[in-house]
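In structure tokens below, several structures.
Here chain A shows up in two complexes: once beside chain B, once beside chain C.
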Partner chain A sequence: MSWTRKILRVNLSKGTCTPEALNMDWAKAYLGQRGLASKYLVEEVDPTCDALGPDNKLIMATGPLTGTMASTAGRYSVVCKSPLTGAIAASNSGGFLGAEMKFAGWDMIIFEGKSEKPVYLLMQDDKVELRSADAIWGKSAWETDDILHATHQDPQMRIACIGRTAEAGCLYAAVMNDKHRAAGRSGVGTVMASKNLKAVAIRGTGGIGNLEDAKKFMDAVDAGKQVLADGAVTGQGLPIYGTQVLMNVINGVGGLPAHNMRDVGFEGAGDISAEAMAEPRKSDGKPNLTTNAGCFACTIACGRISTVDKTHFSVKDKPQYHGASGGLEYEAAWALGADTGVSDLDALTYVNFLCNEDGFDPITFGATVAAAMEMFGDGDLTTDDTDGIELKFGSAEALVAITELLVTGEGFAKDLGQGSKRLCDKYKRPELSMTVKSQEFPAYDPRGIQGIGLNYATSNRGACHLRGYTVASEVLGIPVKTEQNDAEGKPELVKAFQDATAVVDSAGLCLFTTFAWGMDNIAPQIDAACEGDWSVEGCLEAGERIWNMERIFNQAAGFTADDDKLPKRMLNEAIKGGPTDGQVSRLGEMLPKYYEIRGWNPQGEVTAETRKRLSL
Partner chain B sequence: MKMYIEFYASLMKYLPPGNSRFRREVKVEDSLKLNRLIECYHISPEEAHLVLVNGHYIYHEDRPNRKLIEGDVVSIWPPVAGG
Partner chain C sequence: MQKSLHIDPGKCTGCLQCEMACSYEHTGTFNPSRSYIKVFTFHDEGRFAPYTCTQCDEAWCQRACPVDAISVDMMTGAKVVSDDKCVGCKVCTIACPFGTINYSQATGKVVKCDLCGGDPECAKACPTAAITYVDADWTGYDRMMASAAKSLPSAEATT
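The block that comes next holds the complex of A and B.
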């Protein structure tokens, strides 16, 4: 269904659940999900508020296409002010929960205030109530999921929840759904915990409705699916190899950071790649990869389901981890692996299980461990600080031990749970935090791939590849190849990717469709489903509007051009060796032009003229 | 001359027998052209999506004339993506 036109407002302080009509004027300007929820946040939340205080709000929002038959149309986003960055956060997740929310008849849920005691929201179609979370508080996300399914005796119920790291105040806790899917970045799970909200359990039995033109929609959807099936990446590459196929590619082109981004190029890349996941292990003759998996309505199915060798040191005495579970995706494999120098595939898979089980962002976590490892190597940290763990680059044992420690929330886990920015500040090595706006980089080095560096610097939620994935063009040749080491033309490329991504993230679709779909495949699906102007131009204008709205929120929260920067390591320490030898990020060349084409002043502020043009 | 080939993902099936996961040392005629090398291994132009020589991307139109030299590493991927 397109918009249900109904949202649920849950006041946790008062314990009330109140249905409201969706603001359709906003829907026609901001589409849904990331864009529309951000609009509600901007209107209702003071950007300077304490992200973990009752004045912040947590919004779970679907897009107008979520729950429809469009391919990948199962997405939802969690939007709030981030406790990690202090900027606006919008974390996107697949799985099945988003579609279930639509089937229950709701576009979004706004949580406000703070509950006195732990609660969870039970949503069964129109019936919504807050229930005591006494039985699940203190439990992992997996246990919570199991207990709620058992309590409600409904295998079809879909659950989003937080794990123990969120409860312990880890600043990069995720909201997990369907056990293995995560609204992973920027600490949206930490905000959920701060409200004493443990879970949202949803069961919807409604059908499809409210499509602007159902026939036209199904034609556009069918055409879109054909394009995905015919596309080499979406029809074959992603289902067979998953995102992990990138490990060797990015290493091969000189763009894979390693060892807290001290180096570029990782010797062990092949051992933790998609190809390695698919080959029989020496130990037990079985491959790490068990099968692929898809989210709701997805015809790509990039997800990885993996099994760790039962005799591997990480799980030897832990039969609960002997079954197949959500396996490594590229970003997790990089942060937990290359960035920490660990090339033990099964160890990374086990650690990734723990990230899912207790809901924390593997990118920020892995990168924070990597920063701690560099400090340990330099003598800034000793085993006295790390609860006895020999935190050396390349040690799978140390990685496993530190991850198990994080989940306890005890000792060094408290420092580690703050992310690398606060950790490195505390131990007086601020230059070792590989972050923008306090959020850690993902798996592409901005020295080796110029456009992605500009995207990191200007991303509204801190360093993130999913705000403008220029790697598609700069390395992978999608839709067209651009030179990865050129700075010229990159401001335009970054802006185009950022605006288009904002549309996809607001529609209910998965960004991975864009490896085959252009806006001319996406816009007709939105346009047939939704009221309003959703031509290609209309969509892209909405994307630009959303981007600028997020920027304005951040400006009001205190961010300036000074926050659009990369760590000194990226600007001054040239890559040594390999195809990108001698490169640094040329952010300074790209940023002024980027501001200009965005319609911002040289200080990076959205001008009155641009606000007017975009009706902001 | 001696050089190296690396085939990844679904192209691994085109690798001649050997021990390393992705890489083989091969002997080819001097100054062999890149496209010729790709054809030798029966990799179609559509499959040879990402072609690197020593880590540098070679555009489709430059492949027929690109001369290989001793010690070059040619790495080839089919269309792939992730994120």
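The block that comes next holds the complex of A and C.
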């Protein structure tokens, strides 16, 4: 069966922890993790509620495959209403915490209400209790992790927690686990902080058995692992270079935005690429990259573990950053680097360490700094506004200084912590915020790659590549090559990617498997582990159901077709130079067709027929 | 031919596939807390090290056991614990210099690697060949070859 069939409801207002049976009818329709937690959220939370008020709920949920031997099956999601976007948030993380929750015997934890004082949840198999967080409130995520391990004298304990940015009200704070894995986007950490919940510490010893068909499952798992090992991206590209393998590729095809997306193409891309990470540094003869690392059960191991040169200006007098830690992934390297024009690899790595140490989304943070830099260059912001920091494109010193400031939550950090939408509104340059539904773009320019622009515009959690990674098809040719610059066929492509992604995100698996796996590799693993119809068709229908459910939540929260739009810069300011010279996003051509094939009306609303077809 | 588990920590990514395979083989559940092989993470060094019983020829655990619960599997050379005989006294866990035989609260017995009867699941599950099952005489072969390669005169020196 693979689900533990048990969820924990934690009422923080009352201080109670209550076990409940998992709603199996919902599990069979929404699978787990993102889909199933969203179903609970939709049923229990008023979409118009204040995201940072006690009526919002925070759900940490595993998938049915989480904790099994299926490759990458260690994922969990954090689901709530987002304070950054006001839309539904579902942020996905790897590491080891999700599997530990399953081993402790739980599918999901629902946090509701708000604790009067800071607390953390201690979960040791069946034994669950809320404890005072006095010793860890005000500490970074890394310190919190160390203190809880020491307190409970248990090196095997897995910990998810928030850092100081969440406590300071930064709207894009992450929930960190295992020190450098993050449920990173949409401010799910901020919601956790709003509930006075500092951490969740889990130790599980029960394991997972009772698969629906164990023999069939192990055969499907072995076959799946072989496909990943044989895949060019999953077997070679990602383990050797990490997601950073994309930096030179995307720059080469005219899809890498730079300088708050004013430009496409970044002259420093090579200096901050995977290849640069592997090269010995001139300064100390050692490479930035120390090793690669896998999350739980992952046979790809794309994770980067990096070390900064001890004499680098950013860490020179800070021995606590001289050891190895979570290194740059592509999105972080882009947002912190190309988007701000900074090409100092070690500075970016240090800033990435800080993103992990205090739990905030490097994409939104980097993009917000980039917007501030553009305003600084235009004179909308001066050093009077920025606590004296010369916020110029390309300045590694400014980036380091502003990141260290963000953690304090003081001065200009208060503005920065609101994200680029609110920052640009405040300084009267709303057109400079590169966002959809108030969430910042990741590292692919929607003018240079048409499908990803439609995906950004329609993503249920605001601009995000992880809702429908059409770049796989449009650039890498996976599963089939489509032309970057074609608008035709992209609505169908975006829908197919979005629905399939919802399945992967709900199963407990990592989306990166889809660089080699199709649904015909994924469905048999789910089907062998779980009761219910998890054929390819059954899976994809669940994916479509999940997508529409999220859309309906957002509609009820007040979102309309007017929110499915891209910034004017993407629609009107053509790319200058390079392989995509002259292009703009042709969102207007794609959106009506997308609504039509989704079964929505021209206003982008889910129709009664579609609801009925998907049993919504 | 006797074979041994050969562990190359430099290749390990810390994914725990070995722990899952081990626990599944021995308990029928995916449960790293009951795996006989453990992967240790050395965070600040960015290193991972799988570790398990090396199957000593003159096994200290076997010598220490007061009830002769540990015997040699004649096919594989593995030192195997008999659950029927083990009384859970833990003397073997004190005797073992490597800490690779351990008491299990779940069973009340000690548990250790038994080489899965000659087909170790950990080695099969490892995606990076950090764990392999090789001719027992040649567990040092890789390192020996790497050292030998270093002893070669450099390409420039020979031309």
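As a working rule, the second predicted complex is superposed on the first by the 615 of 616 C-alpha atoms of A that agree within 3 Å, B and C clash if a C-alpha of one lies under 4 Å from a C-alpha of the other, contacts with A are read in each partner's own complex, and residues count from 1 in each chain.
Just so it is clear, a residue touches a chain if its C-beta (ideal position, glycine included) is under 8 Å from a C-beta of that chain, and two chains touch if they have at least 3 such contacts.
Everything quoted here is computed from the prediction, not taken from an experiment.
In the superposition on chain A, contact is made by A:L466 with chain B only, not with chain C. Once the two complexes are laid over each other on the shared chain, residue contacts for A:C298 go to chain C alone; chain B is not touched.
Of the two partner chains placed by the overlay, only chain C lies in contact with A:T290; chain B stays clear of it.
In the superposed pair of complexes, A:M69 makes contact with chain C only, with no contact to chain B.
Of the two partner chains placed by the overlay, neither chain B nor chain C lies in contact with A:L616.
By the touch criterion defined above, A:V227 reaches neither chain B nor chain C. Within the complex formed with chain A, the chain C residues making contact are 13-17, 20-21, 23-24, 27-34, 43-48, 106, 125, 127-128. Here chain A touches chain C in the complex through residues 67-69, 71, 96, 99, 103, 156, 179, 204-209, 214, 218, 225, 229, 239, 290-299, 301, 303, 305-307, 323-325, going by the rule given at the top. Only residues 6, 8-10, 12, 21-22, 46, 49-50, 52, 54-57, 59, 75, 77-83 of chain B touch chain A when the two sit together in their complex.
Contact residues on chain A toward chain B in their complex (touch as defined above): 231-233, 236-238, 240-246, 248-249, 252-254, 270, 274-276, 279, 302, 329-331, 465-466, 469, 471-472, 475-478, 481, 484, 511-512, 515, 578-580.
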